[in-house]
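Both complexes shown next keep subunit A, but they swap its partner, so subunit B is in the first and subunit C is in the second.
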Partner chain A sequence: MDFANLAAQLNTGVILPEGIVLVTLMVVLVGDLITGRASSSRWSPYVGIAGLLAAIVALYFQWTTTTNPISFLGAFNGDALSIVFRGIVALSCAITLLITARYVEQSGTALPEFIVILLTATLGGMFLSGANELVMIFVSLETLSISSYLLTGYMKRDPRSNEASLKYLLIGAASSAIFLYGVSLVYGLSGGETRLSAITTSIVANNGEQSLGVVVALVFVIAGIAFKIAAVPFHQWTPDVYEGSPTPVVAFLSVGSKAAGFALAVRLLVSAFPMVSEQWRFVLTALAILSMVLGNVVALAQTSMKRMLAYSSIAQAGFVMIGLIIGTDAGYASMVFYLLVYLFMNLGGFACVILFTLRTGTDEITEYSGLYQKDPLLTLCLSICLLSLGGIPPLAGFFAKIYLFWAGWQSGAYTLVLLGLVTSVISIYYYIRVVKMMVVKEPEEMSDAVKNYPEIDWKLPGMRPLQVGLVVCLVATSLAGILSNPLFTLANNSVLRTPLLTPATIAPPASGTALLDQPSIHSSNSTLGG
Partner chain B sequence: MNLADGVQLVSFAVLAAMMLGAALGVVLLANIVYSAFLLGLVFVSMSGMYILLNAGFVAAAQVLIYVGAVNVLILFGIMLVNKREDFAPVKNVWLGRAATGAVCLGLFALLGTMILATPWVISIAPPAGDDAMVVIGKHFFSDFLLPFELASVLLLMAMIGAIVLARRDLLPDELADQDGREPPVALKLPERPRELISGKK
Partner chain C sequence: MLSALIWVPVLGAVFIALLPESLVARTRQIALAIASAVGIWTIILASQFDVGIPGLQFQESLPWIESLGLTYQLGIDGLSMPLILINSLLVWIAIYASDPNINRPRLYYVLMLVLGGAVAGAFVAQNLLLFFLFYEVELIPLYLVIAIWGGARRGYAATKFLIYTAASGVLILAAFFGLAIISETNSFDYDVVQSQVLPLTTQLLLLIPLVVGFGIKIPVVPFHTWLPDAHVEAPTPASVLLAGVLLKLGTYGLLRFGLGLFPEAWTEIAPWLAWIAVLSVLYGSFAAIAQTDMKKIVAYSSVGHMGYIILASAVATPLSLTGTVAQMISHGLISALLFLLVGVVYSKTGTRDINVLRGLLNPERGLPLIGSLMVVGAMASAGIPGMVGFVAEFIVYRGSLPAFPLQTLLCMVGTGLTAVYFLILINRVFFGRLPESLANLPRIRWQDRLPSIIVTVLVIVLGIQPSWMLRWSNVTIQAMGMEEVNRLVQVESESTRLAETVGDSESVRRLVESTETVPLTSMTNPNSIAFTPGKEAASDKSTEPLGDRLIDNSLPHSKLKPNI
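Right, the complex of A and B next:
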């Protein structure tokens, strides 16, 4: 194999977005060394955001002109699904960077290093979304995980942060080990194949249709993935880690890291375990039911906003899993759509929590009472985002949930959908509790924190980006429901154009029904929404 | 059975006994220093297994990385945290131990059954032996190029993270004196810790 031949086979253009993120990371790192802390903490967030936006633009160009998605001799797959998931991870990091600057600065820690580690986590998540080979999956998973552990413990003088980081590290290391064991079993069963596309044929050729080994490997692999997406019963780390980490990190973990986990779940389960697909659907159904019930019920009892959002994110992961379990085109598309909407509403919620914390120094839910009189913008944004998370009609979250449940109902997953409906009703209670606390209270019932609310000053360093992030999430959450057509098309196309998910794309019936699905969901939306 | 087979069998038995005994010691001994040294023994016997499997390079890497780096790091960690503390004995401690033992035995039985029931494919390609390094190097620069390069990013980030965690930061009081604003909370979360319910009463 000569060099020119090898270079042509590598097809390196596919990882251009990741390359841009990597260059941004190096620029922030080296620029911080050259210019010093004081000046670099001013420009580094903007450089990071610019780099991530450039990566998203590069992803857009790949979306329009994908010819050969396989690169690095099968290690990386840049198909439409991976492009969407990489976009979600990069976008969540960009919004997180917007809301980060003021928070990190106020806590007296170094901002450029924080950004570097966050960008590395993003890089890991982006590679994970397209990883097409077992070694690549593991290395990118570790890149994502280890940077997350570091970010969690970034407030190093705070015992809560230390505890969160240690807990995350230990549980994460254990789950990585279990995942690795499962992956090594897959490697052995397939007679030494690491590429996902080759594993199935090889296992079937060697072992026949099913064997105990495949099932054991499957269970171990699911345990590793479920830890990443925080599904019950692999969720024990979530509340403590969310409470003890810096809030921007929580925002990234709950959206970016989770999206990467779902991308891994789709790719690994669909392409490497089709022969035990009933079994993995069954296991995931159990996980989804447990996540929806436990996440929503335990969230009712929380007094801290961050803990409440932690349990809510567990429950949301349960909802998203419905789309993965039913495994139809509409199911995958609704999953992608839900994640896109969830990105904006959840990050918007966290932006509000960060802003309130910065101004009052607390995140107790009771301290939010009477906030409406002092800060209408914050109240509006937090209310919209929480109501959208709960699925109240004209907001984006409602349409995402309706699409998901509709797709589930179409493919006959009645139990899951009914349970999802019941638990969303429960979830509305605890979201509305916060809204009621902020809006309804009389002035004399105002909490101490709100009574001493400081003057609203957007001129402080780092406040402007936070405001921009807040408004972007607010607009996206309120309009993405009504004007959801571009997002719907994006989600549907990402599934239809991925050869992995639609092996029967060439056959006319499959694509025909998928095209027919789109208008029908729109009409159902408009009737229900109106 | 010729002489080579006999030697292999005997050394396998010795290595397996050594590894199992040391691993049990790691888990069961109460003194953590013994556990750490026994862990080193487990790693060494594992590298012996690799030599029996004709994988000399992996064996060398195992000794260098696990015994030389990981285990020594664990020992350093134990020595730095040399804190003696007498814990109050827990009631019904045998119950937890019995449950753990049962779970471990169950898992072992499951994995054992799985290994025996699966028709493993045995590779017919001749073992690389001493050429393993060349083969590994070729893989690193062809089909495993991307993970290999990504690992370098991972290591860079781990190094930055370690420095961030370990370095001495500028004390926030000094920062406050410099520009006269309110002193930022010293490397802590801006949220106040929650009051425990018992503390309120």
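Right, the complex of A and C next:
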């Protein structure tokens, strides 16, 4: 194997975006050491954002030019689906960086390190979105997870942050172990295969079509994934971690980390477990139903904004899972679209929560009462984002829900869709409660926090980016639905151009077709590579 | 053309939201100007509206989101034209009748205009998803108007309104999904889904959630509990809009989507609908008698009077459908009038309790003009001839009697009961001696009187000259009803055949009985609609134009489709 051949097989160009993020990360890390704390905390967020945007541009070029997506001997797959998910993760990190600076600054901890860890988490998430091999999956999953544990505990003087970090670490480690155990079973059953595309054929060759071992492995793997996307009953960490950790971290966890989890779910379940697709669909259906019901119902009773958003994000994950379960073109596309829209509306919501916490130091829902008097922009933005999460037209969330439910209905998932519709109505209740607090309350009912609201000053260091992040999310949430054609075309193309998902669309319980198609992809890879 | 009805108010709302601080004091005038512009535009549209065309006019069609089957398709026909007229009028009146010194004027007028635009959008949308979108858009503005400017229990009432309406939206969306999935094109366009023929069970399966969904909005008993709460707590202009046009979304939806898309299933559930109507009418009327809050009385009377619309739409003959349109207009005007008047009384006296108020008709120190208008409104609502309520209710009963005699008779009791509770109200509030505690009321300004006077004039004029309100919808309704009748004929012949083969199957015989209706003959021979002179001479004036039209247009007795 000569060098040129090896280079072609490695096909390193595919991970250029990750390379850019990695370089950015190093620049921030080393630059911080060279220039010193005071100046580095000024420029490091911008470097981080610039790096992420450059990574997104690189992703865009990968999207427009069709090259061989398989790289590193099949360990990483840069297909259209992974491009979109990597884009979502990178974008969520970029917006998180926008809203982070002031928060970390004010808490008195070091900003550059925070950015470095956040970028590492992003890197893990991006690799996870394209990981095509069991070892790769586990390594990137752990990169994402361990960075997340560090981030949740970043406010080291705040006991709540420490508690959140410890809880997250313990439960996360346990779920990693379970996931790893499931993966090891897959590895064993397939006779030592690690590439997802080869696993199915090997398992069938070794064990026949049905095997109890595969189902057991599936259950363990789903437990690991469900932990990442915070689906009930693997959600218990969510409220505590969301409440205790620094809010920007929560913003990233609820969007970026979750999107990476969904990318993993799609890739792993569709490519490695097609022979038990009915089983995993059944398990996920149960998880989706539980998530929608429990997330939405428990959110009703929350008094802390962050806890409410935690339960709302559990419920939202339930909605997104509908797209995964039905497994049609439209289903995957609407799932991608929902995640794109969810990115803006949820990050917009968190940006508002951060801003409010910065100015008042609290995140109790009752403390928001009468806010419109003091801060109309914040009120408007938070109202729009929450109403969009609740699916009120003409905001983006409404269209995302319609896409999702319509796709679900088309493929006959009536129970899920009806449940989704009913729980959306429930969700409107707790979202509107916050809006009511802010907009409806008269000046005399104003909370103490709002009474002592500081003068609005965007000139403080780190406030400008926060404002930009807020406005970007606000505009995107308001318009992404009405002008959803380009976004939805993007989501649709990401599915149509992904060979992995195409067989699944021909016959939803795709065991037979997928089995036939997998080897052909595999063989074409090797011919291209060799 | 039609887009202006939606976008002028919405863009006007955006404009108001972005007004510089120096102009905020003029918000009210700007909002009024926008509402007037919409009103004038509506009148222009109405003047260009060709009443001889049964189908859609001024159509607009733009692709929007193909992957969802959502197109921006607008059109107006005889069913929606009167509702658009009344919407534009009432939005103007609601803005005019708003307190000039209202708190947070900017937000208030923004919400009112968005509300008006969204309702107009729902009336002209010809795509199911587009209709649903407008139907849901209207939710949050009204919620906020009630929650911010409402009475003491406004939070509770607003939330209740929101949850009930959101639930109704979910049911409607589920039915729309179900319908679109059956059409092979996966399109939500009205004309596309309308053109498909569905088996009866499918139709029933889709129609029932639709009826319940719109039933919540109308509202019918037992889904009505949100309405009295919302009305009592809402500020007067919001009550006017809620009763005048928002409830009509429900009946409009029933006619347009229920009857229009599922005609066969509609006949199946028609008797049930009629009974629901009876329940609503009687429950609403008796509940109104028991109330002591003026606004609650009017609210419960709304529940009752919306029942007439359901009764008439259940029958679905051209005559009864004319009745539904007439009753929609009549109820829109009369309830708006009553809410306006109650609002004035409340703002001047500070109470709406009929046990506290007395003698307000006192010519010197009371509210004589308001009281007189209240008497007119009550008379109109109770169906006294010469006013629009009489015309509407008469056509409703005349149209429904042949099909559902028992139900119609029971509903007529409701008209009698209307007189009872409004007499109680007027007797307590306006007659008698004005107590000292109520003397020295604040002065009534023209701004308080003018909206009520405008509506009163309309109530009387349309009562004397009903063809002015019926001319818009005659041809469209004949087309709708014509389909209906043809179907009835078909069903009858089929069921007769069935009866012959099956023998004495009870259900089949009942079906035959239920379909053997007068409108059958009335349609094959339009003249037979003319009334027997002696008995119903009083009604000649009001129904003549209708009869004339039926003859004049001499439409072919074939199945008419909107000509698209």
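Heads up, the rule we're going with is that the second predicted complex is superposed on the first by the 503 of 530 C-alpha atoms of A that agree within 3 Å, B and C clash if a C-alpha of one lies under 4 Å from a C-alpha of the other, contacts with A are read in each partner's own complex, and residues count from 1 in each chain.
Convention: a contact is a pair of C-beta atoms (placed from the backbone, for glycine too) under 8 Å apart; a residue touches a chain by one contact, two chains touch by 3 or more.
In this text, all values refer to a predicted model and were calculated from it rather than measured experimentally.
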Touched partner set for A:L33, first subunit B, second subunit C, both or neither: neither
Which of subunit B and subunit C A:A174 touches, first, second, both or neither: neither
Partner chain in contact with A:A286 - subunit B first, subunit C second, else both or neither: neither
Touched partner set for A:V216, first subunit B, second subunit C, both or neither: first
Touch count on subunit A, higher of subunit B and subunit C: B
Touching partner for A:V23 - first (subunit B), second (subunit C), both, neither: neither
First (subunit B), second (subunit C), both or neither touched by A:E142: first
Partner chain(s) touched by A:K156 [first = subunit B, second = subunit C, both, neither]: first
In the complex with subunit B, residue positions of subunit A that touch it: 1, 6, 10, 15, 22, 29, 71-76, 103, 105-110, 113, 116-117, 120, 123-124, 127, 133, 135-136, 138-140, 142-143, 146-147, 150, 153-158, 160-161, 188-189, 191-192, 206-207, 211-213, 216, 244, 246-247, 303-304, 306, 357-358, 361-364
In the complex, subunit B residues that touch subunit A: 110-111, 113-115, 117-121, 123, 142-147, 150-151, 153-154, 156-158, 160-161, 164-165, 169, 172, 175, 184-194
Complex contact set, residues of subunit C against subunit A: 64-68, 103, 107, 129, 133, 136-137, 139-140, 143-144, 147-148, 155, 158-159, 162-163, 166-167, 169-170, 173-174, 177-178, 181, 186
Residue ranges of subunit A in contact with subunit C within the complex: 330, 387, 392-394, 398-399, 402-403, 405-406, 409-410, 417-418, 421-422, 424-425, 428-429, 432, 436, 439-440, 442, 484-485, 488, 492
